[in-house]
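I am attaching a structure below and will ask some questions about it afterwards.
Each chain carries a letter (A, B, C, D and E) given by its place in the written order, and its residues are counted from 1.
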Amino acid sequence: MLELTSVTKRFGGLSAVNGISVGFERGTINAIIGPNGAGKTTFFNLISGVMPLSEGRIVIDGRDVTGLRADQMARIGVGRTFQSTTLFDNASVLDNLIVGHRIRTRSNLLDVVFGTRRLRDEEAACRRKARDALDFVGLAHIEARLAGDISQEERKRVAFALALATDPTLLLLDEPAGGVNPEETVGLADLIRKMKRSGLTICLIEHKMDMIMNLADKILVLNYGEKIAEGTPAEVRANPVVIEAYLGSDHAHA
Amino acid sequence: QDIIKIGYSGPLSGGAALYGKSVLNGMQMAAAEINAAPVEIGGKRYKVEIVALDDKYNPSETGINLQRLVQQHQTAAVLVPHSGGVFAAQASNEKLKVLLLAYTSLPAATERGNKLTVRIPPDFTTYISPFIKAAMSKYGKNVGLAQADHDYAKAWSAAFKPAWEAAGGKVVADNPMSYNKAADFYSGVSRVIQAKPDVLFIGGASEPTALVAKQARELGFKGAFIVLDQAKLDEMAKITGGYSTLEGAVGVMPMSGDDRPDAVAFTTRYRKLNEGKDPSSEVALNYTAVHATIAAMKLAGTVSDATAIRAQMDQAFRKLPGQYNPASVEGLDAKGGAIVNAIVASVENGKLKGQLLRSNAAGQ
Amino acid sequence: MELFLQQVLNGLTLGGVYCLVALGLTLVYGILHVPNFAHGAFYMAGAYCAFFLIERLGFNYWLAMAGAAVAVALLSVLAERLVFHPLRKAPYLHHMIASIGILLFLESGVQALWGADFHRMATPYSQILSFGDVTLPAQRLLIIVAAFVLVLLLQLFLKKTITGATIVAMAQNRDGAALVGIDANRVAMMTFAIAGVLAAMAAVLYAPINLVYSSMGHLVITKAFVIIVLGGMGSVPGAIAGGLIIGFAESFGAFYISTDYKDIIAFVLLVAILSLRPEGLFRKGAY
Amino acid sequence: MLTLDKVSLSYGSFQALHGVDIHADEGELVVLLGANGAGKSSIFHAMSGLRRASGGSIRFGGRELVGRKPSQIVEDGLVHCPEGRKLFPGMSVLKNLTLGGYVHRRDSKGSQRLLDDVFALFPILHEKKDCPAGSLSGGQQQMVAIGRALMGRPKALLLDEPSLGLAPLVVRQMFEIIARINKAGTTVLLAEQNAYAALNIASRAYVIEQGRIVLEGSREELLGNEQVRKAYIGA
Amino acid sequence: MNAKIGWSALLALGLAFPFMAGNDYHLTVMSTAYIYAIATVGLNLITGYTGQFNLAHSGFMAVGAYTVGILTVDYQVPFWIAFALSGVVAAGIGFFVGLVSLRLKTHFFSIFTMCVGYIMFLLIEKWDSLTHGTGGIVGIPAPESAFGLDFSEPRTQYYLVLLFLALSMWIMHRIVNSLLGRTFVAIRNGDDLAQALGINLMRNKLLAFMLSVFFAGLAGGLYAGYVRFLGPELASVEHTFDMTMYMLIGGIGTMAGPLLGAVSMPWLTQQLQFLQDYRFVVFGPLLVALVIFLPHGIVGTWMARRKRKAAQQVSVPPVRLPAGKGVRRA
C-alpha cells in the first residue's frame, strides 16, 4: 500500500535519508531499525509529511502523495506516534483523546457559536471514538485520570489510542517500547499484533531486537541514511552487512 | 470650617510625571496661600484642598478619575493638564456638573462648545507673528521645521507655516521629530540643516528641544531658533550650558526672566518654597487658575454650582489681585480661553531680552 | 559625500550603544532562554548612578562610570537571584511579566527617589572635531571607540578565557556545563553582572549627548529586542551586526527617508527579515 | 569508595528509582545492565547531582553527595559522561576538552599533560581539535565526551551507554579504551545495553529493572546466569 | 453543574452591582474593567488556549476603537453600525498579520507581534489624515438610544458593557469546550502532534488569532463609545502587558481567570492611588511575587487542585508488583 521511490532528505550538506526505495504491504508489520542517527525518525517525518522531501516520490494506495502536509497525510490515513509523547498533563486521559477524531469531523465556528445539531453529534462521535480507542488499547479504566499522573507504558498506550482515533490505515510508531520495561514490552507487542489483525498497516522504529524479530513481517535496515538491507527477520539477521553495521554478533542467529 | 476640594487628574508617574508635578505644584502653592487666610463664601469659611489622582496620561483613566473626584470627593472643579484627558473628561463633565480647568493650549478644548470648560493657557497663535517678525528681520527668510511631532507641536507648525509664508518667507525643510521617543536627533537635524535654513523652528519639551538646538549648532547651524512656547528658554539654557548656544532664539519669556513686579514677586516666593528652583509657566498659570477659581466662587457666592462659578471666571481673572496673577492673565475670551499678555523673549548677545506681546498694555 | 559620511558616523554612534545593550540582552538570553524586559531599566539605572556620583559626590566621569557599572552589576545579579532564579523552570510568559514588574519597580523607584526631572550629564570631552565638513563631537567619537573596544574585550573574554567559555558552554548545553563542574548559579550571576556592566557603560557613554530621565530605557530596550531577534537570539556576532544594522537604518532612514518615520523603518525591517528568515540572520538551525 | 543506599528518584509524579543499593570499590569496573528505561541513567543523574535523589544516601569517599551541586561533585572526583554526550556543539574539540578540566583550571600544567594523554588515547581528536564538536561523527563525539570526562581527573568515572549508536568496530575499540582507563586506576561505573561486551571487561555487575536492583554478581556469575543470558545477551 | 451555578451567581452579582455601588465612579471603574476583560478574554484564547503569545493585542483593540471613532466622527455613521464593524475590521487585519506572524514560534512570534504592535501604534500616530494623529479623535458620540434606553447614562452603559462581556464569556465558553477549543489546546500542547492528528496548524491558529483579535476589536469599539475620545496611546504595548498580567494573575488558559484578573486588578491599582509616587514601587514587586508564588494564577491553582482530587476519586491507580525476576541478592 505504501511505495517509496528514491526518497531523500538533506539537511544542509548532510543526507539524513538518502535515496531509499521500499514498499510496504497492506496489513503487515514493518520494522525500521538502524543505529542512532541513521535517519529513522527523519524517514518517518518524510512519510508523514512533517518535512518536505528533498527528492523522491511517495505513493499510497496508488495515489501520489508527495509534498502533502502532515495534516493532509493524516486525513489520507497516516497516523503516527512520536519518540517522546506529549500529552496535555492537566486534562483527563479522555479529554486528551477526544481531539484525535477531530480530523473526521466537519463542524466549524458557526456550529460552535450556534450549538448546532451537527456539532453535538460530532462531539458525541469523538467521545465515542476516544472511548473505543481507549478500549482497544486496554485502558478504559483510566479515562478519568489526569494524563500527567499515568505511567510511562500507559502514556505509550494513550499515544497509540490517540493515533487510532484518527482512523488511520497506516500507522507509524516511533520507538513505541522505548522507556518501557521488558514485561510491558510484551504487552505492547501484543497490542501491535492486535492492530495488525484489525487491518492496519504498521511501521515501527525500535531498538528492541527481541520484540522486532518476533513481531515484524519485514525489516528495513538503515545506516547513515541509506538502506543497507531489507527482508524478513530471518534474512536480516543473517545479513552480514547488518551484523557489521548494527546488530553486532550478539543478536545474530539468536 | 468647610473644605473646598479642587481635583487634579494628570500624570504623576511615567515619562510625563515631571510635567504633571509642576502643574500640581502650582495648584498646591495657591491652595496653601488661600488657607493662610480662609475664604468666606456665602457666609461660610472654607479651606481649600487639592485632591490629586494619577492618570498616567491615559484618557480613559482621566475619565475614571473625574468620576472619582466628583463623586467620592465632591470636587467642584477638576484640573486636567493634557489634551487627551481633557477630551475624555468633556464626555461627562457637563453631566457631572463639574468645572473643567483645561490646561492645554489646543483651541479644540474650548471650541467644541463645552459649557463648563475653562482653558487656562493662552491661545498660542498670538505668539506666531511677533516670533516671525523677530527672527525673519534679522536672520533671513528660509525656515527649517524641526519641531516635535506630538499634537501640540503639530498644531503649532500647522499655524506657523502659512504665517511664515504670508510674511514672505520660505519653508525649506519640514522634518518633525519624535522628541520624546527618538534616541538621537543628529540625523534628523542634519537633514534640516542640509537645506540651509536661516531660521530653525524647534520645540517640544524643554530638554530635548535644547538638545536639538545644541546639535544644530554642532552641525554648523549659525541662524536663529524659533522656539514654540512649550519649551522654556531658561530650562533649555540649563541643558545647553548657557544662552550662548541659543543666540538668536525667539520664544516666550520664562517666568524667571519676566521682570514685571508680580512675576518677580511670585518667582521669589516660589524659589523660597522649592529650594531655589525656578517656576515654569505651568506652575504660574495653574497657580493663577486655582486662585481665580476660588475668586469666582466668591463672586458667585457658591462653592458647588459649576455653572454659576463658570459664569464668574472671566470676572475672577480680571479682578484677581496682581500678586495672585503672576502670569498676567487678563480674562477669558468668548469661548473660555485665557487671554494673556506674554513677553516675547529673544536671546541677544547671550542675554534674554523681552518685549511685551501687546505694547498697548505696557502701561500696566 | 560629507553628509553621507556624517550619517555613517551617526549610525556608528547609535549602533555602538545599541550593540552594548543588545549584547547584554543576548548573553542573558543564552542563560535564561527568555528575553529580559528589565534590561532597559538597568540601562536607566546605570545613567542615574553615574549622574549622582558626578553631581552629588563629585566623582569624575570615568570613576562614575566604574561606580555605575558596579552598582548595576549588583542590581542585575540581585534580580537574577531574587526573581529569575526562582522562575527558572516557569514558562517564558512568567519571566516576561516578572521582568516587567522589575521594570516598573526600578522606574518608579528612581522617580520617587530623585524626581521625574530630566537631568543632564556633563561630558569631560566637549570638543567638536571636524573632518572637512563632517562634524564629530568628541563624546560621539568616544562612544564609537569605547563600544568597539568593549565589544572586542567581550569577544576576547568569551573566546579566550576559560571563565568566558563557561558562559558560552552554559548557553550551548546546560547539563553538559554542570557535568564538567561549572557552577550554573555562578555563571548565571556572572552573566547577569556582565550584562549589567554593559548596560551601565552604554548608558554612561550615551548620557552626555542625551538626557537622563526615568523612562530613558524604553527606547533602547525596544531596539535591543529588535536587534537580538534580527541577529538571532543568543548570538553574539548577531547582536553586533544587528546593532549596527539598526543604527545605520535609523541614521540613514532619518536622513534620506523621513525622520518622522524612522522608527517605523526599524520595525518594518525586522518584520520583513523575520518573514523571510524566521530564525534571524545569524542563527543556524536550533541547538 | 562509592555507595548508594536506598536511593529513590522521581520525575514529577513518576518514580523512576525505588530504593537502589549499589557500591563500587576502588579500582573496580562495575556494570549496570538493564533494558531501555530501567533507570540506569537515572542512577547516574542522582550520583552526579543533575537530579536530586528524593530519598536515600549516596556516599563517595566518605562524603554525602545528596544535596551537593553537580559542580562540587565533579570537584570531589566523581565525573559523569552522560548518555547523549551533552557536548558544546558550537565549540571546538579543544575547547570542549579544556572545559572538561574546568575544576582544575588553576593547575594548567597538569591539564596540559592530561590533554596530551587524551590525544594519545584518541589520536583522531588531535587531528580534529579545531573543528566544532557538533560537526564530528557520532563515534568521534563519544570520544570527545569521554576525553572531556577524563580531563576532570575522575577518581570514579560514570559512563552512560558509551557504545550507543556506534558502529561495531568502534564499539570494540571503545570497550578496550574503557578497560585501559580502568586498569590505570580509575574506578568505572558503566551503564550498558550491550551486555556481553560490557560484562567481558567488568569486575562486577548489577541488573536493574523498573528502577530496582534485581540481581547482583561477579562477571562470571552473571555470564553464567541463564536468565541474564536470555534477557540481556540474547543467546 | 457546579460551574453553571457559579457563573449564574457571577452574572447575578454583575447585574446587582449598580444597586450596590455607591456612585457612578464605581460603575465607571467596573465598566472600564469589563471592557478590558473582553479584550483579555480574547487574548486568553490565542495565548492561553492556543499557546501563541500575541503582543499586538492592544493594537487590535485600538483598531476596533478607531473603526468606531473614524466612522462615527468623520463619516457620521451611526454608532451601532460602526460598532458592529469594529470586531470585523480587527479580525480582517488580524487575518493578514496572522498569516505572516503565525509561521513563527514562541518568543519569535511574541517579539514579531510586539513590532507589529509598534507599527500599528506608529501608524495611528503618524497617519493624520485617517486617524487624526496625535491629536486623537474628539467627540465620539455616545451609542444612540435603542429600545428606549439612553446609553449616555452610566448605568445603562454599564449594563451594555456587561451584556457584551456576558456574551463574550458565553461564546468563549462554547468555543473552548467544543471540538474547536480542543483543537486549539492540542496545538498549544505540541504542534507536531497536533499536525499528526490531522489538524491544519495554519488554518486553526489563524482562526484562533482572528477570533482573539475580534474580541479585542469589539472591546475597542465599546471603549470608543464609552470614553468617547481616542488617542494613539490606546495601542501602546503597555496595555497588552496589562492584559497579560490580568490573565496570568487570574490564571492563564482558564475561563474564569482572565475575567477575575481583569476585573480585580483595576480595583487594586485604584486602591493604590493613595500611594501616589510610590504606587509602582509597590506594584512591581507585588507582580513579581504573584508570578513566583502563584504561577498558575488564582483560578488556575484552585482548578488544578480540584481536578486532581476529582480524578483521584474516580479511580485508584493500579498497584504494581515488583518484577521479582532473577535471584534477589542477599
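The definition used in the following text is that a residue touches a chain if its C-beta (ideal position, glycine included) is under 8 Å from a C-beta of that chain, and two chains touch if they have at least 3 such contacts.
Everything numeric in this text was worked out from a predicted model, so none of it was measured.
S.K.: Shared touching chains for chain B and chain E?
M.R.: For chain B paired with chain E, the chains in contact with each are C, in label order.
S.K.: Could you tell me which chain lies farthest from chain A when each chain's centre is the average position of its Cα atoms?
M.R.: With centres defined by C-alpha atoms, farthest from chain A sits B.
S.K.: Count the touching C-beta pairs: is A-D or B-C ahead?
M.R.: Pair with more contacting C-beta pairs, A-D versus B-C: B-C.
S.K.: Looking at C-alpha means, what's the farthest chain from chain E?
M.R.: Between chain E and the rest, the longest centre separation is with D.
S.K.: So, what's the distance in Å between the C-alpha centres of chain C and chain B?
M.R.: 36
S.K.: I'd like to verify one number: the distance from the centre of chain A to the centre of chain C, where each centre is the average of its C-alpha atoms, in whole angstrom.
M.R.: 47
S.K.: Roughly how many whole angstrom separate the Cα centroids of chain A and chain E?
M.R.: Roughly 38 Å separates the two chain centres.
S.K.: Where the CA atoms of chain D average out and where those of chain E average out, how many Å apart are those spots?
M.R.: Spacing between the chain centres: roughly 51 Å.
S.K.: Can you list every residue of chain D that touches 2 or more other chains, as numbers and ranges?
M.R.: Answer for chain D, listing residues that touch two or more other chains: 209-210, 231.
S.K.: Give the residues of chain C touching no fewer than two other chains, as numbers and ranges.
M.R.: Within chain C, residues 107-108, 111, 260, 263 contact more than one other chain.
S.K.: Chain E: which residues touch two or more other chains?
M.R.: Only 126, 277, 279-280, 323 qualify.
S.K.: Please give the residue numbers of chain C that touch chain D in the complex, ascending.
M.R.: 162, 165-166, 168-169, 172-173, 175-186, 287
S.K.: Can you name the residues of chain A that touch chain D in the complex?
M.R.: Residues of chain A touching chain D: 35-37, 148-149, 151-152, 177-182, 185, 207-210, 243-246, 248-251, 253-254.
S.K.: Can you tell me which positions in chain E touch chain B when the two form their complex?
M.R.: 22-25, 27-29, 32, 125-126, 128, 133-136, 138-139, 142, 152, 154, 223, 226-231, 233-234, 270, 273, 276-277, 279-280
S.K.: Which chain E residues qualify as touching chain C in the complex?
M.R.: Contacts found on chain E: 47, 53, 100, 103-104, 106-108, 110-112, 114-116, 118-119, 122-123, 126, 241, 244-245, 248, 252, 277-281, 283-288, 291-292, 295.
S.K.: Sort out for me which residues of chain C touch chain E in the complex.
M.R.: Going through chain C, the ones touching chain E are 34-35, 82-83, 86-87, 90, 92-94, 96-98, 100-109, 111-112, 222, 225-226, 229, 233, 260-261, 263-264, 267-268, 270-271, 274-275, 278-279.
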